[in-house]
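Both complexes shown next keep subunit A, but they swap its partner, so subunit B is in the first and subunit C is in the second.
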Partner chain A sequence: MASTVARLPDAQLEPLARAYKDALAAKQRQILIGIATLVVALFVAGYMAEVRIGEFLRHIDRFPTYIVRLFFLDTGASVFTDIGEWFWGWKHWLKLLVETMLIAYTGTFLGALAAFVLSFVISANLSRTAWLRISVKRFLEFCRTVPELVFALIFVVAFGLGPVPGVLAIAIHTMGALGKQFSEVVENIDMKPVEGITATGATWWETVRFAAVPQVLSNFASYALLRFEINVRGAAVMGFVGAGGIGQDLIEAIRKFYNSDVSAILILIIVAVMLIDLGTERLRHALLGKERS
Partner chain B sequence: MTDLSSDTPTSFAAHARANRRELERRYPLVFAGDPLGRTLTIATVLGIAGLLVFGFWYLEFEPMKMWLGLGKLGDFVRFMIPPSTGTWSKFLIYLDALGETVAIAFLGTLLGAILAAPFGFLAARNVMARRFVQFTTRRFLDSVRGVDELIWALIWINVVGLGPFSGVLAITVTMFGAFGKLYSEAIEAIDEKASEGVISTGGNAIHRIRYGIIPQVLPVIAGQVLYYFESNTRSATIIGIVGAGGIGLHLAEQIRTLEYQHVSALILMILVAVATIDYFSSRLRFAIIGKSQVAV
Partner chain C sequence: MLKIRGLSKRFGQKAAVDDVTLDIPAGSFIGVIGRSGAGKSTLLRMINRLIDASDGSIQFGDVDVTRLKGQALRDWRSDCAMIFQQFNLVGRLDVLTNVLTGRLNHVPSWQALLKLWSADDKAIALAALDQFDMGQLAAQRTDSLSGGQQQRVAIARALVQEPKMILADEPIASLDPRNTRLVMDALLRINRHYGITVLCNLHSLELARGYCDRLIGMAAGKVVFDGLPGELTEDVARELYGLEAGDVMDDAAPPVLVPGMAPEIAQLIQA
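Entry: the complex of A and B
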């Protein structure tokens, strides 16, 4: 059976073809304008950030050589020939690593605790006072926009050098970040239990305790664990501004070109971060799995 | 057997308490509890609290120190008001540094996004058939991400010297790791029907990527790039603390020299810049992916 594709007469076809061409051209023009804007922005940004491509290309070999140099001892031998010498400070470093973890842990805990309370205040479905809700929301926004290292710098001046300012800085930032995530969880709860408990004449606290908290707890825990993971990374660099943890030793080693120490400390940090990632991931899956069943 | 619904005038709670024994007999499972679950819960709570107490002790949280520190912090905040940069010339210097910060974030995000593209495909399970390559790429991206931005900044300072360029490179590397992972996840989540269609008409792997995958992932990726531009403006502000350009250098200096009003003015400038970028990038994001699909 022969089939033919019907073809419109040319007179009818022409305006359609022209419309198609115009639409295509408009789209292309739009893309071109977008690309042009991007290129201009790129050059302006490149000028402002003092990008020197020539110099960069001339010195690019320094990057791989620097990385390679990190794996050689002062004696000139490769670090792998003498692991003991490479990790000579492991006792001290492990202690600092424990300190780093504890900074992350206590900071996350304090921040999560504050976020837990505030999230019910700022969630649209449970909050009862509008001005309180808006002002707390703005405050939390401020807490998560200012980088934690800036808080750490200020707290170091107030509380002195050591892990305390690091913990407080992480706690404040965590409160801001988790407060938002927690309140989003609360806003997504099933409102039927809330209505039921309100109908029995319960106070706001009782409603939150018996209608909202049971629904959100596992999600809260999951978010808090994720934040703990992020905070371990944050705590590792707190030492850069004197706020405790392993960062102090790392920045000293980098600045003073103790190359093998740099690689040793970096490896310790990476391994620790990976182990924590794996652990929290399993915990989170267990938590969320329990909720589903 | 008592009829529980008979005397409605008394409160429900009082009634339930009065008939507790009867209720216990009727619904033994509700009252029995779960001894194993309960022990586990108590143990978890004790463990969490114990670790917290240990942390406070280990990190030397002393009440006296906290009290004095809070007092000092109060002074600090009081001296901060009103925010002021002293002179206009100082303000212009800060403004220039802020521009540098935004430029660092912009370049770093864009370069990272471009460099990560091929690695995103290599790390995606449905594109890279060789499991070994896919796995190695993933782990490579993971370890790049495992090193903090600030550490990368320090390393790049050793290569290209102090200044904003090292900041750009630091953000580029970090974003390379982050985007590589995000891309591969976006690619793994695509609808395969388009790819199958391309293959069935005789297209090769390149055609499949160009016509079957890229049109699907491009809006998602564009949204993420815009989101990270805003988030990187925040990180670019601290990169100056280690000497990699931008406003962070001024911020750290003013905090250390206790120029409180300058500090609050700088923080205010950063907040305004971040809010502005957030506003425009989210509008662009909505324009690209449509309002309904934006989760962040």
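Entry: the complex of A and C
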């Protein structure tokens, strides 16, 4: 059979093949070492955190029984026998659910707005002032590292119970998270328009407005929508610390063993989150689709 | 008159522009020629202050351009409009908005940021576009235009800056012959009609000889030729381009009139 590749003589072939085999073996060794380290680390971490596998396995049946119990009314009947009784508080819960959405929406909006402005300040390709860039970057890092619930707790202490602390907590966390994602989008823009606008004698903000913003807008919107999805889940538990929304009723039902209420509220939250995910996903695809055309 | 004195730009050890001294009288059409990497782009960028010089000075009247800052720097940039090989327009904005960005230094920032262009500014931008037969394309997305059309938009943007000088960095390098002529004719018309100084980097000697009043040849960051197009002998060209000389010279071109040049332009030159 005719071949377009001449077979090397063995003397020449042998060293090449051996080098390849050695390289492969080295790679496999590395992977094995990696897996071993991971397993050891897992056990060490479990021991330190007092995760007792035995204890866990002995009580593992409690988890499904708790779930099952959530689906029985106080009378002992299954919730499915009396849907009206199961969702007895639906009006109140829906109102709280709407409040939860509003907390998520307002928090996302405010956070995204701040992230929008700051992302240009901290992007390596546009920033002109190193100290400003570094300090804003560190600040945003702080904002996204501290969990939302911690911010919410602090604001509840400062401003009292209600949705305002929830909105602020989500806005701050969103600013930190989106600021970073936005700045990564900005760092990938085409710099030729930036040069073109700078050369006309435009100010820095004008250059951002006309050369950078048109290139990033659809990506920004897509990231903000994704963050809104995440924030709806975050807002659902804001009530745990008294920062508004449906979480307040959920935690109360859990603590007081109103079992059927827990399942009813959870189902409402899950359905709402799914609807929002579906809606934002379609929006984001439409946005990115427009981008490509 | 622009006075460049001992201007240098170093990138690390390498001098991209090396001790260049030049006088650029107002109203001239000057071609800067030289092989790739000679430092032509770097020279133009230093004049517009897109990059800062390592050494030397650029004097315009009694202003030291290399020391300008803030509003004064932006005014200077607006005075010497840049035209780029890759057009450097904002592809996602429409044509008219791209031209209007040339007005940014002339309008208050808050108005510009909200895109509240005055009727005057819009009229100026439309007139500039119309001058290059692009008036009907004002509403089109800029990245849907052909290269030649985009470069004409870029020239319109430069014009509405009301510049004293135009710095064109290989404005025709990515264009076909027909568009090359359209763009070079446009630059020549701007120079002859409005008396705007044009400093134009060119790769093709034939075009440089056809359009420019004076040629500056650069090699390895230094000026090695400065004279009339007619004075550029084959020997000098060989020094400038080395082995590439044959490529860029082709057949000897007529000194001023390029064959196929639009008649009104030819008239302008003869006048």
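Keep this in mind: the second predicted complex is superposed on the first by the 253 of 293 C-alpha atoms of A that agree within 3 Å, B and C clash if a C-alpha of one lies under 4 Å from a C-alpha of the other, contacts with A are read in each partner's own complex, and residues count from 1 in each chain.
In the analysis below, a residue touches a chain if its C-beta (ideal position, glycine included) is under 8 Å from a C-beta of that chain, and two chains touch if they have at least 3 such contacts.
This is a predicted model, so every value here is computed, not measured.
*Asks:* Record, for the superposition on subunit A, whether partners subunit B and subunit C clash or fit.
*Replies:* clash
*Asks:* Per the contact definition in the header, classify A:Arg7: touching subunit B only (first), subunit C only (second), both, or neither.
*Replies:* neither
*Asks:* Let me test your reading of the model: by the given contact rule, A:Pro214 touches which partner, first (subunit B), second (subunit C), both or neither?
*Replies:* second
*Asks:* Touch test for A:His59: subunit B only (first), subunit C only (second), both, or neither?
*Replies:* first
*Asks:* Which chain makes contact with more of the residues of subunit A, subunit B or else subunit C?
*Replies:* Larger number of subunit A residues touched: B.
*Asks:* Going by the contact rule set out at the top, does A:Thr200 touch subunit B (first), subunit C (second), both, or neither?
*Replies:* A:Thr200 sits against subunit B and subunit C alike.
*Asks:* When the two structures are overlaid on chain A, which partner does A:Arg128 contact: first (subunit B), second (subunit C), both, or neither?
*Replies:* Neither: A:Arg128 stays clear of subunit B and subunit C.
*Asks:* If you stack the two complexes on chain A, which partner ends up touching A:Lys91: first (subunit B), second (subunit C), both, or neither?
*Replies:* Once the two structures are laid over each other on A, A:Lys91 reaches no partner at all.
*Asks:* Answer with first, second, both or neither: which of subunit B and subunit C does A:Phe155 touch in the superposed model?
*Replies:* The answer is first: A:Phe155 touches subunit B but not subunit C.
*Asks:* Should A:Phe142 be classified as contacting the first partner (subunit B), the second (subunit C), both, or neither?
*Replies:* first
*Asks:* Looking at A:Pro163, would you say it contacts subunit B, subunit C, both, or neither? Reply first, second, both or neither.
*Replies:* It touches subunit B, and subunit C stays clear.
*Asks:* Using the superposition on chain A as set up above, list the residues of subunit A that contact both subunit B and subunit C.
*Replies:* 200
*Asks:* Touching residues of subunit A toward subunit C in the complex: what are they?
*Replies:* Residue list for subunit A touching subunit C: 192-193, 195-203, 205-206, 209-211, 214-215.
*Asks:* Along subunit C, where are the residues that touch subunit A in the complex?
*Replies:* Touch list, subunit C to subunit A: 48, 50, 74-79, 81-82, 84, 86-93, 97, 101-102, 104-105, 109, 112-113, 154, 157, 161.
*Asks:* Please output the residues of subunit B touching subunit A within their complex, sorted ascending.
*Replies:* 12, 48, 51-52, 54-56, 58-61, 65-66, 69-70, 72-73, 76, 99-100, 102-104, 106-107, 110, 142-143, 146-148, 150-151, 154-156, 158-160, 163-165, 167-168, 234-235, 237-238, 241-242, 245, 251-252, 255-256, 258, 263, 267, 270-271, 274-275
*Asks:* Considering only the defined contacts, which subunit A positions touch subunit B in the complex?
*Replies:* Result: residues 38, 41-42, 44-46, 48-52, 55-56, 59-60, 62-63, 66-67, 98-99, 102-103, 105-106, 109, 142, 145-147, 149-150, 153-155, 157-160, 162-164, 167, 200, 233-234, 236-237, 240-241, 244, 250-251, 254-255, 266, 269-270, 273-274 of subunit A touch subunit B.
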